[in-house]
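Once you scroll down, you'll see the structures, which are given as structure tokens.
Both complexes below contain subunit A, partnered by subunit B and then by subunit C.
Right after this comes the complex of A and B.
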């Protein structure tokens, strides 16, 4: 074989194997019929989706519609945001912020570079969490608040603070609480982030597991959303990333968004992935883009 | 831990709405460590008192059925702004905590 043809044959082979790999890595999945979601609209995309946004967009609106709390037919329209009104002002989420703050102080005492790493070289953490997840060119991957904490602890302190561990969640709650009230601003101009968004969007509609459910089976218009699913009424997926990590009363512990995905998956009777799995990162990007423009509301309880 | 209790007060129509979040493990003594099989020793709050201007307004006897990090909410009629509120608890190990707040 002449060198050129051999090279061509090799190129053809690799391209075939690359194609084969893509299809082999991703088994056939039925797709739920996609709803039209425009990422550029952020949380306002809920208009024309579930149309419940006007009921929970602002605190004043929530106060006005607080009469719906406990009403089985109407409560879903508040997207659980009434729990952010925080009427008692006290729940274990607030304790987690204190614990996370103390932990961050302890860790930065050991090595001040830890906070510097968390702040991406800036002087403080204020408002920084609202821009996550984002693409980190140096690491070559999408970074979430939780994976950023894990990364900084590993590189600066050589300590494992794994995503999904209570310590990581406490630090994440503290970090995000410093951005409380600031609108989420995920950078849609980043090509890599948009690639991740598209992958996450695909996962949102992909059916999986014994029950063959997709996220969309319950959370898009025309599905079960707004109707009874056993004891629950599924709500819109818009703005749901804003209050994570949150204190979950049914669990009695803090839960990050990706741990919540795993819990959904167990209820959908499908394989649970570990926090930090690329699929969950893509899904988190998708969910956070749907919260773009909605203020971070950490600490919170659900 | 910075503090053992968080207190919020609010005056509504002449009565004080008081909410206290206590930080406590509230172990029942029934739970086992899944790895070693050892029982976690019971550790729960037994007595809670609340007083306004040194006058007791609430006495509570608690047991292991109360949740971890309990949240206690109650209302006191006739409380005024500026009154001093003291919450104290004692658990079955004899540990005590005390927190003060001003009604606002």
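Right after this comes the complex of A and C.
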């Protein structure tokens, strides 16, 4: 082997191993080009994003634009908000409030500490759900309403009421209904929460699965949002977290936000994660910050 | 209908839609060979399959009629999700209208490589890499190309 050739071979070997190391640390991953979202604006960030907020922000606007319901070209601009609270007739989402209330009463009767745990030591649950998700310093993790219910059931009652289970969803619907109409106020001043927001934001743009889609592929300007995707028209992600858990008419069951993520992932041909998975928690934080300032809208149907 | 308050009428529509939509819960397929969002599972560390410029090997030999079925099938190419095409219902509107693709004068080879992996043209495309990610097989892509070329 001539010296030059040997040098080239060595160089080639070195570069291959360097590439190998780089690949092991940081695999090649594609992301959808990020949109600019300022978390401090909360739900107002939809202005300059989908620009549909003015059509669904208030009761009066929804009334004014009710003519769009059922219109295949215009309905997406209402962001399905005509399905929230008592804007629609009685459905199982409404019944879940009563069932959740009865369940909470039963469990609190067994041990009053259950309600105390749910209320973080307070006397009632009123308005508390609007501040979730939040960072719990004692547990050292971000807590959602659903994971909080699971935690209190386990620690106080030694009972498994897993996130994503019908019982957990009913309790969560009841819990959140006690904040209905109150503006969501996720604490942006909490550093841990903002770290979670940033991780969730990255996940929102990360392309995954066999179809190589990100959440953003359907839910940012310039993507499929506002366009027809066969029978559907993807809507803005702003204020979406406000109405979960929701009664899903096509499914015939309550569904939490994180269960919805999993259903989306199955449609995106991506491995579904379980409710409570740290990645889904971060995504929920990101999505809920995009609802900041918008009222909790539980119960609801979709 | 007119006399009903709009909100209630709206929900009536949705209930009907729900009733007609028996949700078939297919067994969850395993997509763990592709990147996922997990921080701990192996798929969370998987790389995206890189864009691959695939050349059409030999003559096309595609079946346009089969291609049409595949383009419409939700578990096939589901091209209709984003494109208007000849036949099928509820086409999408995000991608270009392909109902007269055959008049554009693009070659079979060019069309094949675009369906195989559109990222070779535009890295930010929304179109799934049908060949690279094994969504469609080589013969299936040939059928779809034949259907596109026959769409005049």
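Assume the second predicted complex is superposed on the first by the 269 of 302 C-alpha atoms of A that agree within 3 Å, B and C clash if a C-alpha of one lies under 4 Å from a C-alpha of the other, contacts with A are read in each partner's own complex, and residues count from 1 in each chain.
Methods note: a residue touches a chain if its C-beta (ideal position, glycine included) is under 8 Å from a C-beta of that chain, and two chains touch if they have at least 3 such contacts.
What you see is a predicted model, and the numbers here were worked out from it, not measured in a lab.
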Check: After the subunit A overlay, clash or fit between subunit B and subunit C?
Finding: fit
Notebook entry, point to check: Hey, is it subunit B or subunit C that touches more of subunit A?
Noted result: C
Next item on the list: Tell me which partner A:252 touches in the superposition: subunit B (first), subunit C (second), both or neither.
Entry: both
Notebook entry, point to check: For A:102, is the partner it touches subunit B (first), subunit C (second), both, or none of the two (neither)?
Noted result: first
Item checked: Which superposed partner A:139 touches (first subunit B, second subunit C, both, neither) -> neither
Next item on the list: Could you look at A:94 and tell me whether it touches subunit B, subunit C, both or neither (first, second, both, neither)?
Entry: first
Checklist line | Superposed arrangement (fit on chain A Cα atoms) - minimum subunit B/subunit C Cα distance in Å | finding: 8
Checklist line | Those residues of subunit A which subunit B touches in one complex and subunit C touches in the other | finding: 88-89, 91, 252
Next item on the list: Could you pull out which subunit C residues touch subunit A in their complex?
Entry: 6-11, 13-15, 17-18, 21, 23, 28-32, 34-41, 43-48, 50, 74, 78, 80-82, 90-94, 123-124, 126, 128-129, 133-135
Check: Can you name the residues of subunit A that touch subunit C in the complex?
Finding: 23, 27-30, 32-33, 63, 66-67, 69-70, 82-83, 87-89, 91, 203, 206-213, 217, 223-224, 227-231, 249-252, 265-266, 269-273, 277-280, 283, 301
Margin query: Touching residues of subunit A toward subunit B in the complex: what are they?
Written below: 88-92, 94-95, 98-99, 102, 252
Next item on the list: In the complex, go through subunit B and note every residue touching subunit A.
Entry: 1-3, 6, 8, 19-21, 23, 67-69, 71, 73
